[in-house]
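Two complexes are shown next, each including subunit A; its partner changes from subunit B in the first to subunit C in the second.
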Partner chain A sequence: MELLPQALVDGIMLGAIYIAIAIAFSLVFGVLHVIDFAVGEWIMLGAFAGFYLNLWAKIDPFLTLPIVFVVFCGVGYLLQPVIQRVLSGHKGNPLLMALVFTFGLGMIFRGTAQTFFGFYSHSIPSHFSNGSFFFEKGAFFLTISSVRLAGLIYAGLITLILNYLLKYTDFGLAVRALAQNKEAAGLMGVNNRRTNKVLYALYTGITAMTGVLIGIIISVNTKMGAEYSIFAFFVVVLAGMGYLAGVPAAALLLGIIQSMFLVYLDPGWTLLAVFGILYLILVVSPTGLFGKGWV
Partner chain B sequence: MTPLLKDRRLIVSAAVFLLCLGIPAAVRDTFVLRMCTEAFMWIGLAVTLDVMAGYTGYLNFGHQAFFGIGAYATAILMMKSHWPFPLALAAGGALAAAAALVIGIPTLRLKGSYFAIAVWALARAIQQFALIVTFTGGPDGMRLTAFLDPRFFFYVMLGIVGATFFALWFLLERAPFGLKLKAIREDQESAKALGLNPTTLKIQAFILSAVPTALIGGVFAYWVTFIDPSSTLGDLISDQAIVMLVFGGMGTLIGPVIGAVLIFSFKTLFWAYLSQYEVLYIIILGAVIAASVVFMPDGVLGRFIRKGLRRAARPEAPPAAAAGKEA
Partner chain C sequence: MSITRSAIFASLVTAVAAGALQAQEFKIGVVVELSGDTATGGNVAKRGYDLWAMAVNEGGGIQIGKKKYPVKLFYGDAQSNPSQGAAAAERLITQEHVDLMFGPYTSSVANAVGPVVEKYKIPMINGSAESPKVWEPKFKFVFGSIPPVNFTGAACIDTLAHLTPAPKTAVVFGSNDTFSSSTANAFNSSLLKAGIKVLKFNIVPEGQDLTPLLSAMKGLRPDIICFAGHDEELINLVKDLHQIDYTPKALLMHYGVTEPAFAEALKGDANQVFGGAVWTETTKTASKILWKDSQAYAAASLKAFKVAADYTQGGCSAAGIAFQVALQKINAVPPLSEAKRTELVKALEAVDVETFYGRIKFATEGEFFHANAGISSLTIQIQNGVVKSVGPAKVAEAQVLYPMTPWAQR
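== the complex of A and B ==
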């Protein structure tokens, strides 16, 4: 039992990273109604951007966060019109086609990364990497590494900023209106295309920036994308599709499940357990843990 | 509906099938036979994927799961229980049907995007499972008794894929079942109002797509005599099948066949001449799929072939601008 508090704390800190990934992802799904299959690949590209910035320009990885954010915001801003074009197509099933499109994007990203970055696993060195806090009281002890703590703070900040943007700005009002009813929002003067572009840019920026953080805390390799895609999907389904307020709890739960498997059970079974839970949730409550998502 | 014997597309398909039957008599080269067998395999995978994606509007990103289930069931039953090949193959098909039922019940009640995620994650979980447990041989894979007769596998693969194609043709193009699925794809609520039960129909379609895939997987296992989790459960299988489907044209049966033949030919040439640029292949696949979605959502079939036929038949008619509804 001595390991239990440690496992819980590790899980919460891992879950914090998933919050940062899933919250923007869920937001984009809520408005564009498109699942971005490339979510994990954005993380991977962001992580590599951070890695090379650190390697070549010798910038501390935490300082590369805003650079990566801005660059990937630009990429997302330029890319979104293409997705918009697919979505507003008249033939066949535009939502399905948009899904296929992001799937193709994911393949291009993965292939490009494997061509240029190779197959090795790296990690982004930071001044904080070796620091950690240690608590001990009798049989009870706890180690908290400072980078993971930084991840927790980062996730909290992202959540707060997005919350502020959504609730207290005109942009947020437009986003919420679009999520509720696209046509009505358009009639009320919401610029659908521009809002979508900005939202998607925000999403790619945040996701790539989180990738750098993952690179600092865990590792960077060209195959990491799929894993994070699965976790992002899991969190969003668990929270209920499009239900933002459920994301933090769902993400923390995923983090704790993962860290429990790491400490007490066989880590090889994590993915299977995650899927088993996903399956059960879909059977029992398709609208997520809180019953507030969309079917 | 055109009478059966006047359906031009069916006649052409049947003629192509009969021509394929004659290939082994005309060609002695084992390499050509192997390539044809693999081309049939991809045609089968793309066509069965289309049952869900094109007709029902549910894109299965985990199609390889059924392929792998079929391959592993056949391999395990043949090697560990010493069943004869046809029985083991049939058992693989039955297992895939059961798997499709179990997976379909929760996931097919939901919208297409949920389903896409769930099956994609599930297929990865199954691959993980095959890596961990011992009865599949784990990462080392499984070896089957070699049965080296290219003609046998050519005919078995062609037989299964041909039978699947014509059975699907009958069910989806001639029988009411296909119309019911299309009704669900276009508007599930209206389909319900017409008295259809969408979940049951979708599960039936899912099983219809899973069973032939597992049979093809079983034949593949016996044919290549060695399987491992990445060759039968890896996501490159469904990635390629999806590219073939989207490139060829979703929602028709001939589209995926054309897509499979074109992409497979490209793949063969690519591996023959450019195999040192292995990862480029993934980039090209991704680019092909993304470009197809943006520039020709109806695929090669809809973009070039059908348009050409229509133009030859009668003067250009304004395209029907049917607004797409969500699946």
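== the complex of A and C ==
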């Protein structure tokens, strides 16, 4: 029982990382209907960008986040029309083609990264990595790592900013309109192409920044992407495909389940339990935790 | 017309001659993890095999009688996946017609490749795989230049058990793969034998974020933390411990501490971490084959790859030397027939040679049939970013730094 506060807090911290990975991924799916299987590779590329910026500029990686965001927004903005072309094809199944396209893109990113960055793992040092907060009362104790706390704040900020953008700006109105009905949105004057490009740019920028964060908290290597692609997909499915508001709850649930299994049950069963619970929830509610996702 | 015929005849003669010339080299298949999760170690192994082949070919090849035969390595990527490793081995044997094989980096892939080489009767030396499970099937055609991890694990725990103040408690975690789980089991049994209480023993999924587990462990205040895993898992664990601000008296990890990337990624936090090895750049050895000692090998590696050599890389190069010695002993000329390959197995069993890596002498009976029984395990510690042997006492080159300096004071 004395481990419960620690297990819960660690689960929330873990969940915060999953929020940061999945939130923009879910947004892109909701509007563009692209399951971007390159999400993990965007994280990996962002992490390497943060690593090399830190190495060359000798500044704290948290300060490099805006640079990484801008650079990857640019890359995403330029890449989106290519994905759009695949999506707007009339032969075969464009959604399936887009899925295969992003999967291939991810493989190209990984292979190229292995060629240029090598196979070794790296770490991005930060001043935030060095501290922690420790509380103890009777048998209960709680350690909160400052860098993971920074991760939680980052995930919270990203969620709030996206929420603001979607609910209180013209861009957000256009995005919501596109998500509801593309044709009707177009007739109402929404510039489909430009909105999609900006949206995809936001997604790549946020995901790459998350990569820097993961590089600070965990580590950086060219193989890291696959694991995060799986978790991003897990969170989005659990939240309900395309239902953005469900992402934080789904991500936190995933983190807490993992933490509880690691602490109280057999750690060897953690991933099996996580996916077992996902299947169970989908059997009961195929549209995700809140019943608001796509079927 | 006659010109055309002459040209065809000349081409045929050239092709036949080229084929004959091609046959005058030893074709060695290598299945390693060039991509996937364990590509880091796979490429370390590749460097070891490559360095041996480069050194042999620089000297003109392997001397058989009065002639020298170069070696040519044929790579197959196991993609860090046992079934892909087995498929790659099958392809190298049936399509490339290799004479010999070098084994993969991981024990999981080595376990999958073993039955394939046994089926085709191709002698294979694993230059890296350490899990005792590799030796369980007692394959006739499979050898290994690195002793099973039981010995490495036991040697490390023995060093730690004799430190002052004596550690009393420990926790053991191992990643869920063949090598790491065997290593964790080796740590566990050695701790129990040494009278150190094991407070927690867990095999965890590969790549899992272990912070919740470590935070819970912090309440147990273990003196020793033992972890068995691969490269980035080791880096992640040290970072996790720093983040939750728990410094044990001793932190023992295997495999990956000896890889230069470990100290490079963690900088000061890598210092005082213990690891296991069977060779370091400063191990005292003397040899008459290719490299005269450890230092000469380390220098050659640095020159060729601009990366310091570790014991896995060394083990892979030593595997080449074992083949070299055995081939010379039976005067084997490429290509090797099945009878000659069977004869080579007998010759490998008789190999007893001092190399830059130490003694190579394969066990010919017992639990670890065909594992290298010629070298002893070392306990190493990272000191100022450099790998130092700190145990057993008779080969220690530096004093143990113990207990660990707290993370915050580094």
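The criterion applied here is as follows: the second predicted complex is superposed on the first by the 291 of 295 C-alpha atoms of A that agree within 3 Å, B and C clash if a C-alpha of one lies under 4 Å from a C-alpha of the other, contacts with A are read in each partner's own complex, and residues count from 1 in each chain.
Here, a contact is a pair of C-beta atoms (placed from the backbone, for glycine too) under 8 Å apart; a residue touches a chain by one contact, two chains touch by 3 or more.
None of the values given here were measured: they were computed from a predicted structure.
Engineer: Please work out whether A:Tyr168 is in contact with subunit B alone, subunit C alone, both, or neither, and reply first, second, both or neither.
Structural biologist: neither
Engineer: Could you tell me if A:Met13 is touching subunit B, subunit C, both of them or neither one (first, second, both, neither)?
Structural biologist: The second partner, subunit C, only.
Engineer: Quick check on the superposed pair: does A:Phe135 touch subunit B, subunit C, both, or neither? Answer first, second, both or neither.
Structural biologist: After superposing on A, A:Phe135 lies clear of both subunit B and subunit C.
Engineer: After the superposition on A, what does A:Ile230 contact: first (subunit B), second (subunit C), both or neither?
Structural biologist: First partner only, subunit B.
Engineer: Identify the partner contact of A:Ser123: answer first if only subunit B is touched, second if only subunit C is, both if each is, neither if none is.
Structural biologist: After superposing on A, A:Ser123 lies in contact with subunit C but is clear of subunit B.
Engineer: Thinking of the overlay built on chain A, is A:Leu271 touched by subunit B (first), by subunit C (second), by both, or by neither?
Structural biologist: Touch partners of A:Leu271: subunit B and subunit C.
Engineer: Quick check on my understanding: which residues of subunit A belong to both its subunit B contact set and its subunit C contact set?
Structural biologist: 111, 114, 266, 268, 271
Engineer: Residues of subunit A touching subunit C in their complex?
Structural biologist: Residues of subunit A touching subunit C: 2-3, 6-7, 10-11, 13-14, 17, 111, 114, 119-123, 125, 129-132, 134, 141, 143, 145-148, 217-219, 221, 223-224, 227, 258-259, 262-263, 266-268, 270-271.
Engineer: Give every residue of subunit A touching subunit B within the complex, in rising order.
Structural biologist: Residue list for subunit A touching subunit B: 29, 33-35, 37, 82, 85-86, 89-101, 103-112, 114-115, 226, 230, 233-234, 237, 241, 266, 268-269, 271-272, 274-275, 278-279, 282-283, 286, 294-295.
Engineer: Quick check on the complex: what are the subunit C residues that touch subunit A?
Structural biologist: Answer in residue numbers: 35-37, 39-40, 42-43, 176, 202-205, 207-213, 215-216, 218-219, 231-232, 235-236, 239, 242-246, 259, 261, 264-267, 407-408.
Engineer: Give the list of subunit B residues in touch with subunit A in this complex.
Structural biologist: 53, 57, 59, 61, 105-107, 109-114, 116-118, 120-122, 124-125, 128-129, 131-132, 185, 235, 239, 242, 246, 250-251, 279-291, 293-294, 297-298, 321-327
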